[in-house]
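Worksheet: one structure, shown below.
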Amino acid sequence: MRFPSPVSLSWIADLIGAEIVGDPNLTVTGINELHKVEKGDLAFVDHPKYYDKCLNSEATFIIINNKAVTIPEGKAILLVDAPFDAYQKITHHFLPFTPSNKSISDSAFIGEGTVIMPHTFIGNNVSIGKNTVIFPNVTIMDHSIIGDNVVIQAGTVIGGDAFYYNTKKNRDVWFKKMNSCGNVVIEDNVEIGSNCTIDRGVSASTIIGKGTIIDNLVQVGHDVVIGKNCIIASQVGIAGATTLEDGVTLWGQVGVNKTITIGKGAVVLGQGGVTSSIEGGKTYWGTPIMVAVEKHRENLWLKRLPELWKKVMDQK
Amino acid sequence: MRFPSPVSLSWIADLIGAEIVGDPNLTVTGINELHKVEKGDLAFVDHPKYYDKCLNSEATFIIINNKAVTIPEGKAILLVDAPFDAYQKITHHFLPFTPSNKSISDSAFIGEGTVIMPHTFIGNNVSIGKNTVIFPNVTIMDHSIIGDNVVIQAGTVIGGDAFYYNTKKNRDVWFKKMNSCGNVVIEDNVEIGSNCTIDRGVSASTIIGKGTIIDNLVQVGHDVVIGKNCIIASQVGIAGATTLEDGVTLWGQVGVNKTITIGKGAVVLGQGGVTSSIEGGKTYWGTPIMVAVEKHRENLWLKRLPELWKKVMDQK
Amino acid sequence: MRFPSPVSLSWIADLIGAEIVGDPNLTVTGINELHKVEKGDLAFVDHPKYYDKCLNSEATFIIINNKAVTIPEGKAILLVDAPFDAYQKITHHFLPFTPSNKSISDSAFIGEGTVIMPHTFIGNNVSIGKNTVIFPNVTIMDHSIIGDNVVIQAGTVIGGDAFYYNTKKNRDVWFKKMNSCGNVVIEDNVEIGSNCTIDRGVSASTIIGKGTIIDNLVQVGHDVVIGKNCIIASQVGIAGATTLEDGVTLWGQVGVNKTITIGKGAVVLGQGGVTSSIEGGKTYWGTPIMVAVEKHRENLWLKRLPELWKKVMDQK
């Protein structure tokens, strides 16, 4: 997340009770997880395995639990016992969780001609465009941005927290959820079916591109970016931080792995499991995913196994 | 959809700004998509590839974007630039979307002894029978018909719009949703679990037959017809316009393709992918679907491959 | 279910109109389905195939539709025409369905610091601990027990009825739902995503162990017991009465069969189908489930089939 305005490193150190190694008057512009971090940002690291990666990332300031590290030129560290807790404290300070107790938060903006049906919840700082229809029992959590001419059918949840946890198996509770500092952005002319779940990003936005259509019971993980004019059939699941380029088609019950890319215009047939990135312009099938005609051929070979076995036995 | 009462062809032409080729005093009884169309009905076609199919269908009146076609005896055409938009205009005229802003619409009928729990939405012209129980946070959209002794558990959505779109890849927004003119019919003694989605038909009814039981998170597409006394386990997905005959069993996470038929008493084991129609009275498994014992045998052959390979190598 | 206090056998016989064969002054402590029944309990049986199993179970009292059976020493039978209906009558007497018509039932207990967001339903006798957050449009049905520091995201349904039916194919309605007499217990520090469904037990509790995290659109069947610190990714389905030991990981869209056990620390990769019990400490994949490296090897053998075929042909 970007801070509303930059703050000094000493102010951050006070907030989290850290010792600064470096210039305390430097200016901090934001805080992000490692793969989204930029110059001027804070990042945190709490495991020696990742120390070097974090120290040599784009981050200018590193919240860390060990002083005995080599600090690159122009960077500073903030020494604390529990870097993850410090991260939570900083993000919570700038983006506190203040749940609305109204059906439609006072800070929500609803465009002209938009219909909101009963029992729908619209959280804080949500913005909805014009001529959009939100069916009953929908939940739109804080900071979501929804365009014009969008349809969201009943029971769908937009902007749920990312399924993203700090894991340590040497404590009583292994998983601690990282604050979700990102949001959901739904562009114009998107249609989303019933009882879908679209999670907000951890530090960036989960984006559904213009004109994309999504059927019922679909899961879209945190920080997923879906292009324009995609078709996503019922019960598809897309794991975190994956990209679908424009015009992708995923048929029913397809599963897509995290942090991969599905190329422009690719088609994945029903129940396919997209284990790694795939090129655009082709049709795929199976788990692990294969080009559909090759998977079909493999199935045919499989059916010829008894015949092959017999041939081999006959040769004896 | 059938119109409430027949109208003249010239009245329709005025509504959509069409040029009539044929007798303007003919009477129009309804409008339907091609596979449900009957004599006296309107249908529309906007792609030369489907001109002949539509002109020679049961439809008496064809909304089309080309005058240079051969009109069969006893039929008339309505010439417009955008046949799909004309279809939308006609269906919207007879079945306008006027969303209820109440928890239970004034035009809904609720039978004696029926319990509606909090935060449930009941739309316009919904009819619910006797001694039915609707749990909290359920959404029942307009025109749904629900029988006696039905149970619908929390969060389920009945009568969401069909996932059915007019597609043109040469415009900015590729997909335009066809108005759903059908509804959902749930017969007596049906039980539906939590967070399911049962879509309404595009021009006919999505039907759940008497005594059928459906577990949680199940997707039933538009115009699906499910027979009596079927069991549908959790996370099953059934695509549009498919038929399940009586007494069918689908175990967990089964996926069923669109516009196919599953025969009476068929059983599909967990995670099966029913790619094409299957006969009744048998047990099936796998993707693509196979008779279960054959699939099992195939798996055994697969396990013997290393042994076969060795045999072949030894023969060298 | 355990009765609030023991009752005499003759009182039960009056309630269900049964003939007692045995001592009418014996004391009955509860009623349960066969696999949970204990000494002093009632059980019911209505099919000759299961007569012996039921008569020789832990149950002291057997509701049965046939007098001509051998009653074990120290037991008694209750003769009725329809044992299942008698079971329903008894369970309904002690645990009547009296749906709350309020957003939060008067008999619900909500701990200090707990946040309940709008459009959430909390049923009768629900207990929620401290500092728990319940998002909007959640449904928590009667008798659920939820701990401290729990997060339940929007649209999730806790405590829906078990998908558990008495089946007789010689009557008009084949399936009659057994009353769910169990509940759901969610321990401290559990996090559950959006639009999940966690069913209550039939006669015991469905339990989610401390610190377990569950993503969106997950199905947990009746009487499932999940250990501590498990990770369950999106769209996983777990069928009834299955056990997950501590520290189990199920990735996206995994399906788990009923009444099996997944051992401590086991990992199941995406879309796996866990057909039978698996040992802890290993990584699994595929349907039917296999140790992942073996499944991977099997896939490689499959890819070598054309090469093998060629070898065999060349030997001719």
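We just call them A, B and C in the order they show up, numbering each chain from 1.
In this section, a contact is a pair of C-beta atoms (placed from the backbone, for glycine too) under 8 Å apart; a residue touches a chain by one contact, two chains touch by 3 or more.
Fair warning: this is a prediction, and the values are worked out from it, not measured in the lab.
If touching chains are joined by edges, the resulting network of the protein chains shown connects every chain directly with every other.
Interface residue usage between chain A and chain C, two copies of one sequence, is largely distinct: under half of the residue numbers at the contact are used by both copies. Chain A and chain C have Cα centroids separated by 32 Å. Annotation for chain A: residues touching 2 or more other chains are 119, 137, 155, 195, 217, 235, 253, 271, 302, 305, 308, 312, 315. Of all residues in chain A, only 99-103, 119, 121, 137-139, 141, 155-157, 160-161, 163, 165, 169, 172-175, 177, 195-197, 199, 217, 219, 221, 235, 237, 239, 253, 255, 257, 271, 273, 275, 287-288, 298, 301-302, 304-305, 308, 311-312, 315 touch chain C in the complex they form.
Looking at the complex, you find that chain C touches chain A at residues 115, 117-119, 133, 135-137, 151, 153-155, 189, 191, 193-195, 210-211, 213, 215-217, 229, 231, 233-235, 247, 252-253, 270-271, 299, 302-303, 305-306, 308-309, 312, 315-316.
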